[in-house]
């Protein structure tokens, strides 16, 4: 079975893939004919595909997020690879393939990621900081098992959000050892809460964001999380304007650092400064790692990466450097 | 009695003024001597002043926000006018002067302004929008009687915040008549709520902001107001993620329009777009009016106005145009 | 007859439409065949269309700005709706259709708009301000009956420019009542003059801008209007450097507020500040109104609006809020 | 006689200087005493000075722009040199000093500069371009004999404006030889006209700008020059919207290149592009030359130069490079 | 033979052209067919072309940078001209055509350009400045005979880099005469060195850049040139931190002026300031000249020019102005 | 002995301090008197001071960087604390005080920091990367024992540069464990080299930068380090354009990330991305730590921190959160 990341122009292949996107379109011919505009995916990446001879039955048979067996040929179209599908059928039980094998996932099991997050939560000694944070984790817990951290930028895969949080917690613990003036309770809570409302901001399935929710568009995950904290305080009988509540909201609100990056206030506590830079470091490193992983090993350069000022990354880990 | 706005270099004067600011400092002489670094104010403006021969009794006698009788001379110092105080004493009952005569105020009585705001509130027909807004007005009502709308930029005087709200409500009602597709309940609520949390963001007395509160610095009035709305929803048993709550928070969060002006989201409802532009129009016009009012009528140009890209305004309403 | 705004993918329809744009192109086939690349319009909006089997006669028959009867089918092409034309013929007298029914227009009759503008002009009491303004209105009057206010941004339809002026005059009159320090003559003249040279900057027919004129590209409507005022002064024997002339030119030159928005000077009179903000408020509200009007009522979101930082607008006036 | 540029801390000196600025101020002592806050100038530069013991007669005697004989001492105050004046008297006829020896001037006689400009004007072969340009030169001619090109930035001295024009004309002629596709009439006219309205924008005496005029503030020299061209066309019976008039106005309007530098349109003719870059080259080179000239030869670095991003210039022409 | 610059829609033609680019692609038909996606070039410009009926032999026959004889027809495709190739064959000896006639070249022979550069180099009197510069010229000399100065922006043709240097040297010599305080050795060396490392930054053949080199991407021509100078100093036994070496590197590093344009330091010597502005003037004038040259004489406007803020240029040299 | 950080207005004190800066100035009195404008320092911070009655002997006795015994009084001057010195004498041997006790230092001994850096250097397994890096460390080693990392921004104290490097190496090692795709040799070398040329860019003594060197101003530490690497390669007989040399230079050149922050290229290797973010994280955290350390424990807010967008930091580690 050919991994998408390894496909080259002119390759012919047969294999199982996920129908990540599917739309019925019409050709310009007279009379116009239906065809499928498709995005195929597997754990290594995704690729555009066309299926030209669509029957009425086909239109009833194929839908996004289904597993399919495809016979196809890889072509170069407008300087990008594209699959021309010769044959396609839905996968069935005898095929012995499972949906989760065909989606990109965090390299650690979701259950272990959520466990790590809850362990960090459990180690928060201040009662109020703990309870406010726990309220929000409870609300998001089920989605943390599978939500991505973003639509495309970074950690854009199954359980990517929890993975981002877990990695940042490791960095946060290291930093608290290196710089004892940091308040570990605050920093852990900030890391756990900073992106948690992405679970309300976006609609996602199988690690793939389909679109932003109404609340996501009108309020944004930063202000949604601030609102969760207020709600937690009211419901837990903590004064919503007490310093701890304000300091937690401050970390969430300021974690994008500059107003033009979406933060209404600049970081003004040591932990807020730390949170922003840990977040930036982890997100950027993951963008690099994801791009290198989904580029064939024989390619010295990744494609341009939007979150890195649209720059490609050059491999230095090969034999040449 | 010489109004501050009418003082010229070399003038000598006697009159009552408000001690807006007062600090004890030391001269460079040996031994150093105490002197007062003062800001005098009246209803027409404010001016720096020095009182050089301070006795120990004086230091026990004079404090900010007291009314005083001053004999002084106006001097030019570093291209600005400054008062050299020859004599100073506290005002007493026989003087028949009242604090509120010496502070700059909105041109309409606070009680009438708050009445206008509550009337607009009362005209909101949607029950939930009304109740959420009323919750916030209740919380701020006492401060609305005297809070300024800003530290220096615009409406920076007694009841300036309520005055800004009342004027904007007039503009909002005109606009709803001109453009019937606007939702008047939403727009009124947005106008009332958009700056209401300035009462928590800043510490003010007699219409003068002394400093920003901790919450003001770490969260800012925009996010504080969003938090009030969440709290109101929880306490009023309204779902804090219902569309109405989200739409109200959206107006507050987006009313500065661009992220670099402090809004985490851009306006995305008709009322949010209207709110931003009504706010801008009213604030800028007030800056112009305030600057013209506090410039002597004989001066063709006001001083530079920070909120207008530091430009001075030229009078066109005189005889010359 | 199906309004363009109500067309959905797969719809078949027959009706009259305006040929807003028409170009003859060739297919890739051997030998290449001619086809028409068309934009159809009606009073509710516009849509791309293709007509594939073009005969030599057709090429002599169809031209832009003609009314046609079309039988077509709506298709989805690159995520946008597009019409495939099956049959097309020119409208004739028996069809009883009139060009003006098929173009988007201001909601008020042009003659009434120009009447309102001339009434405002007539109410200017200062003789020189009146005469300078009247000179410019005379020059533009015929075009004010039909010119749009912009190519695409806002008021981009028949008599849109006069409509923008009339609405702004209403706002200006309200503002002069609210803030008596404003000079009504100046503000009215500024509103009338600020965009009047768009009639020289752009070439337009039936409310549709075809392109910018040479003068429009090299000078721009702001400087053209300033030049008209100079010319008016010279021809009316008014000193072109007198304060009134300068103050009128100042309003026109500064009405885009910031240099990066095209104004060589910042507003420095009360009326110039007011003019900019009235203009912004009216233009933005119209963008919202136009977008809502041309979006099917069942769609909660309009398309992205370029003049609103490319944000879509969410309807709050429906049943859901 | 000590040149100002050569003064060092602790120097004592006697000599003639120009009183460029003079203000009467008061000390903090009781009773306050008058003193003069002065800027002394000569052909090599300028320096702050104080005269502490001012008599009533002195206040009647000394005014800005007078020549004075000064005995003084140079001191370091807040890291800048400053003169403490011990004695001062007005220059008289016996002193044999002349005002023009004490102001900074272009290194070429004004009459020769204006001659060069008129020669370039005379060489314009197109009748209309010539006449429009000549109209503007006539209007400015008397001021061209002495006006500076700017308040402080560059060519800020006697006849600096004419000097800037003359130098640019040399560069323009060289460029027309190097690139024959350029229209020499257009480029010469553009160079002559681009800054000519600085004579209306600023009030200047003896090469020193005292302030911007009302027209200068509200319109700016770019739009004033465009207005002159319109006026010239009307008075010369040339169509003010003919291509030549528009192309001349275009060069003037676009010569600052970007909107944020004050140009309402970008350069869109070959000559407009050339004009901007010749202007930039000449202005920047003059800033460097002026800074090097007014820095003592022993100093390797000039002071920071505002027009060069506030960078100081290092001498490379000495022995060390 | 039809020059590319003179082709119009519907033209049929036969002639020789250069295959600047050629890629084999597949159509959407079943089975897919091969076709060539081609860019044809001649000395007047370039144009896209398609050859639809590609045989297996064709794929072995045609490669980029070959001369071919083409019979074709010009079509309009997406508002751009495109050639449909009917017949194509390789040029052979009997055709009597030469590759260099079909590429765009500097208007002066490369050997004369390099001669002019070496003459300027030879006139540098300072021994060390001369030797450091000569070291770099030696390294680049062979490529100077044909390298372009940029991929697309300006001087993007055969020997364009040497042409840019030669023209700038002329301007530099003129400026040194006009402003004697400039150090001619420094300025000549700066002009020669400023872009010389483009020969290492880019891979080019026949005046056409195919791509940036690894070093070009990771270091950029500015820092590569600085590195060459360091290497030259070490190899020539000149202290790499001596003032002359530093001043030369400074000119190269600062010649893009602002950090956002790629310069890590701002110009801080007179020659560095001059170098930047001479470079800007020459590059912009060349963009204008190239655009006018490759636009048919009947077109009043060139296409938009990216390096001129995407503005088109209007011809003023025709009969109309 | 009163630590500077603990001084309050009106305190009187006697103690030993470092004369960080000292300048002789003159008063305005007649005749003018000399006084000292001083900056006193100790390990906790620094403060302005004046000594008014300076004798000729004093001027021969006191110089910057001397230890002195001071009797003084703390005053408030323009809202800042300032010391008025009553008595001052130089410290002598009997006083038993040592210079190094009075300067701010990294919290770890310089010798241990340099040891840690050399250990990291020793662990680089690639021979060429090791040797190139070692060449640069050798050149800087003596200065690494005491140089600060910056003039004021961060790590601005004795051995601050080595401290910054050592801390970053710890973070780098943690990150290499967390993300095994990183090349540890490259990252270690990048961390060691990125700021190493600050030892040539700045002149510093006792951890205090007096000014930038000529090379520092004209080239900057980023390009100086790139030049060192070229020189190292030439002297070590490594091809200066080999991939390893280029990759090392790339990390140094790109470590400020964006052009507007001084980097001529953007990070384009995984290690370059990591280097920038580790640098940012460490620098910002140190700014916070330094500000908290030099603020009295009783103050909830630090002063504004320039490197953190001029924001003050609020203590969350006290009892209140």
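Order of writing sets the chain letters: A, B, C, D, E and F. Residues in each chain are counted from 1.
Simple rule for what comes next: a residue touches a chain if its C-beta (ideal position, glycine included) is under 8 Å from a C-beta of that chain, and two chains touch if they have at least 3 such contacts.
Since the model is a prediction, treat every value here as computed from it, not as a measurement.
Engineer: Please flag the chain sitting at the greatest distance from chain C, going by CA centroids.
Structural biologist: Between chain C and every other chain, the largest centroid distance is to F.
Engineer: Suppose each chain is reduced to the average of its Cα coordinates; what separation in Å results between chain C and chain D?
Structural biologist: Between these chains, centre-to-centre, one finds 45 Å.
Engineer: Let me have the rounded angstrom distance from the C-alpha centre of chain C over to the C-alpha centre of chain F, please.
Structural biologist: 60
Engineer: List, in ascending order, every residue of chain E touching at least 2 other chains.
Structural biologist: 214, 217-218, 243, 247, 268-269, 314
Engineer: Please list each pair of chains that are touching.
Structural biologist: Final set of chain pairs in contact is A-B, A-C, A-E, A-F, B-C, B-D, B-F, C-D, C-E, D-E, D-F, E-F.
Engineer: Using the touch rule from the top, collect the residues of chain C that touch chain A in their complex.
Structural biologist: Checking each residue of chain C against chain A gives 50, 52-53, 73, 75-77, 84, 314.
Engineer: Using the touch definition from the top, list the residues of chain E that touch chain A in their complex.
Structural biologist: 23, 25-26, 28, 30, 32, 214, 217-218
Engineer: What part of chain C is in contact with chain D in the complex they form?
Structural biologist: Counting only chain C, the residues touching chain D are 200, 214-215, 217-220, 222-223, 226-227, 230-231, 234-235, 240-241, 243, 246-247, 249-250, 253, 259-265, 268-269.
Engineer: Which of the residues in chain D end up touching chain E in this complex?
Structural biologist: Per the stated touch rule, the residues are 167, 170-171, 174-175, 178-179, 181-183, 186, 243-244, 247, 258, 266-271, 273-274, 277-278, 280-281, 284-285, 288-289, 292, 308-309, 311-317, 320-321.
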